[in-house]
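Several structures are given next for inspection.
Look for chain A in each of the two complexes below; its partner is chain B in the first and chain C in the second.
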Partner chain A sequence: MRLRALPLNDLRRKPIRTAALTVIALVLSAAVFGGEILIKSLQKGLASLEERLGADIIVLPEGAENKVDLENILLQGTPGYFYMDKSVADEIAAIDGISQLSTQYFLVSANAECCTAQVQIIGFDEHSDFTVKPWLKEVYDGSLKDNEIIVGAGLSTSVGHTLSLYGVECKAVGKLERTGTGLDTAVYTTNDTVKRLIQASADRGIAVLSKQSPEDVISSVYIKAAEGADIDELAISINTQIDGVQAVRTKTMMTETADKLNVISKSITVLTAVVWGLAAVIMLSAYYLTANERKKEFAVLRTIGFSRKQLSRLVLTESLITAGTGGITGVGLTVLVIVPFLKAIEQKTALPLLMPSHITVSLYGAAVILIVLLTGSASAALSAYKLSHIDTGKILREGC
Partner chain B sequence: MRISAEDISVSYNKKDRIIKVPDKVSFEPVSGEVTVINGRSGSGKTTLINVLAGILLPTEGRVCYDETDIYQISDEKLSAFRCENIGYIPQGASALANLTVMQNILLPSALAGKDNVKFAEELLEMVGLEKLKNAYPDELSGGELRRLAAARALINSPSVIFADEPTNDLDDENASLILELLKAQAEKGAAVIIVTHDIKAQAYADTLYRMDGGKLQSYGISAKEKEDIYDTA
Partner chain C sequence: MKKNILGIAEFLFAAVLTIGSFTVFKACGEHEGKFMACHWAQNAVTLIGAVTAILALVRIVFKNTGIKAGIAIGISLLSAAVIIIPGHVISLCMMETMRCHSIFRPAVTVIGALLVIIAVIDAAAGIIKSGKES
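And now, the complex of A and B:
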């Protein structure tokens, strides 16, 4: 007989009570951990998008729907396209306060047999680019050759493998870092390859979404302001000096998105707090009711020679075992559910999600387990006090 | 070990009236003897042994084991002292439902940091529970539960044993077994204090007390009376 085994014995002999308390702890930990990971993934996804865009200003064709389309491309990965005359880029370049400028051309692959998948195809200018190449996870040697592409992290195509677009086998030579945004499902290539793709679709009689060549049109212009330049003023200058375009501050666009995400984050936080409060109340009630049932048992332990401290420790150890088991299982199950399904959650919720690093997840997991342990032991503290301060003589005499 | 209770009183508030039960009781059970305290229900017998056993703080008076006033020491020290020196057989069923018979018996020794498995097996044999050592209390009869409580109280070979109605609701065979066991402990040098209604228990008494209205009165019992009780039993 080992004294240490006493709490385990007690728990084993009351399987329903033990299971119920463990499940409550599990639900609590899964809710807190899952909620926290989702919030952090949202925040990281958004931060990643902001960092990834790397531009202070994005210029796109005038029209509210174009801005919505761009947001959909960036956040949800919904393929889209819009065009403006290529000369716009030269006009913008003439405005003071610009350090870097790079254009992109958006094309959408068909959702047909000719293409492996419907993806956003982005033609970019390799020489002026400052938004794509810095995020290459697997760097290719030299510049993109004909029919070579760089793929987003969300596409299953690995470096060295090909992706069929309009019947053209495009070889993936680079893969980008995961951003948790719509950019993860995009394919990047040169404007020459884009032209070839458009031609291939025409040759095959497939109605391509654009008949406009990247030689004539562009979809967006990414601008990095010169050091010391006023970005707001620069955006205003573009909007006033150039017709048919809208210059959007990346930060403004991000702020709008961040506001939307904040609402979601707050909802998750409130929901988590409600689950936490409910779990704490249920645990408190369960331990309190249990304390009434166990008075006689504790009176007997007292006659045997258990001190008040030892009795409190016994109750707290039992609560720590159930809370710990539930907490660890909850975190484990959440990891098992969230990690593989984050992509699905991202697509379902149309939100940029980027899982925090393993270390961060582990730290959150440990913190959540600690929170559940504290909640469990705090809930048991009242009954621990009650049971350790019972009137032993009275209980033994009355037998209850 | 010298045990002395001096002017013990425990006050209760009953219907706006303060009553004292026991009321200024002084008592010195003797080591090596069986002391039987009888009396009507509510006379304060159980309260007295609870005070003596260190589980109920008296309103007045003091309880000393040798020179130590047990209510002047910390709860940890008192609990440890109780574990090693006091055996307590509570009234009614007192087995711990989550432990087997063997685990129940071994618990006080585990608490004292001892390994008394061999002695526990001897005790199980003495109380006739050796075949039930792995059973749980809900598989035991009332008599078996009382025997289990007695065996558990003896595992640390305490110098003082308190038994509260140890033969209540037991058949003669089980009652005699427990009383014999307690008598044997007294013969080994322990001070055995039995609180009971049971007239048969008086036959095992070296000293007999009667508790009435919170007061403790000592009276003797003749050899003839003992014999008569034995015969009746």
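And now, the complex of A and C:
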């Protein structure tokens, strides 16, 4: 038997011990890697939501339910609608401290032709817009023409293809970047096309969810504060000077989500640390107990000429094989479970999740495998030292 | 038993794929008597899953290592095919938040990928073994 094959043969001789150590490494790597990926996805999702909104203040019609509706649209993609008089936009524009202002009109489609799903249609003003176009992944020429739409990244409609809304074939001319928010499943178009969709729904006898025209009403006003302006002051001014509206700071609106995210992140971190600690203790105990069990085997190896260094190397190689196998399998299984099901996790947690790039995920995977290898080797180091310093003569004489 | 462990694993995964495709991780349901596009993807996955499960059973029954390896190659190709059915060969619903995108497709991808890995290992081991036997 070749000496190089000795660690593998040792592991094969004790399949239960080997399997147990591998499973511990697997659980450790899956917990650390899975936890880290989820935390990073949550952080990236929230940052993306903040960036995606692009406004400092959003003005909505007064009423707590409207704020909840907006949060549902933004976080979960649940289609919703609410309206206020269009003159509100002019009144807001007259207030000092506003750099940019853009209005949006929300409409919910009846089920799109292919599926039993309602689509959030957002009518926006192309000239004043500063929240939709910056997110265009595939840029179209010029402005939106009749029955042309921009689709979110969460819709399967590709640029150049059409989407049937209330029987009107709308051509997708642009697609937005993925943001991990509910806005990924929205459709954006001009107010003229929205009017056409409302008319088409009436012609077809479909009970349209909105009977109010974008000529008279709007759903929200997005505001970018002027440089140096106090955003809180601006929100208070809007709330006190204009009746029937509520101005919400986008940061305040996201505080609740950020708090939820912090609790989840902390729980995941604590759980990961506990699993790590437990795995390290179990590994250490397993190697320590094994060291007592294998004293005789190592005494024999010493007598046939193995040096202390070779014995230490044998124990460390065994630990690297089990930790490496478990670590790689754990990372692989986590990728198989978390990456494909991220959308389902997002829907269940109602939090914006955006997967880090493939390179970042790969780097995390490599780092976790390294951590598991280090934990395995550190746990085995004590027994390696103990086994390489045994009193060979005494053990062979006494048989224990 | 030891000889057939990979065959048994293939059968179990294929059975989970077949049964799960119309139960636990089924695609979107019917609405007002109309089926959506993903329903046909679900039917195709169920059919391929059932064929794969039968092939895995045949692979367990046969004694010849070469035949076992041949069937394992077939299972790996079928499993690779099942992964690309939802969304590529047969389109799914429009929105990524729908069940066919968030549950059905990921589940088929994960089980299909595991089946491919097991079947490839099985086929490679079978080819090496049959080479040694002859």
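Points worth noting:
Here, the second predicted complex is superposed on the first by the 392 of 400 C-alpha atoms of A that agree within 3 Å, B and C clash if a C-alpha of one lies under 4 Å from a C-alpha of the other, contacts with A are read in each partner's own complex, and residues count from 1 in each chain.
Rule of thumb we're sticking to: a residue touches a chain if its C-beta (ideal position, glycine included) is under 8 Å from a C-beta of that chain, and two chains touch if they have at least 3 such contacts.
Since the structure is predicted, the reported quantities are computational estimates derived from the model, not experimental observations.
Residue contacts after overlaying the shared chain place A:A19 against neither chain B nor chain C. Look at A:D184: by the touch rule set out above, it reaches chain C but stays clear of chain B. In the superposed model, A:V119 makes contact with chain C only, not with chain B. Of the two partner chains, chain B is the only one that A:T392 touches; chain C does not reach it. More chain A residues lie in contact with B than with the other chain of the pair chain B and chain C. When the two complexes are overlaid on their common chain A, residue A:T157 makes contact with chain C while staying clear of chain B. Look at A:V337: by the touch rule set out above, it reaches chain C but stays clear of chain B.
When both complexes are aligned on chain A by C-alpha atoms, no chain A residue touches chain B in the first and chain C in the second.
Of all residues in chain A, those touching chain B in their complex are 1-3, 6, 9-10, 12-14, 296-297, 299-310, 391-393, 396-397, 399.
Note for the complex: chain A touches chain C at residues 77, 111-112, 114-117, 119, 154-157, 163, 184-185, 336-337, 340-341, 343-344, 347. Touching chain A in their complex are the following residues of chain B: 46-47, 50, 53, 55-56, 75-76, 78-84, 86, 88, 90-92, 94-99, 102-103, 106-112, 136, 152, 164. Those residues of chain C lying in contact with chain A across their complex are 28, 31-32, 34, 36-37, 91-98, 101-103, 105-107, 109-110, 113-114.
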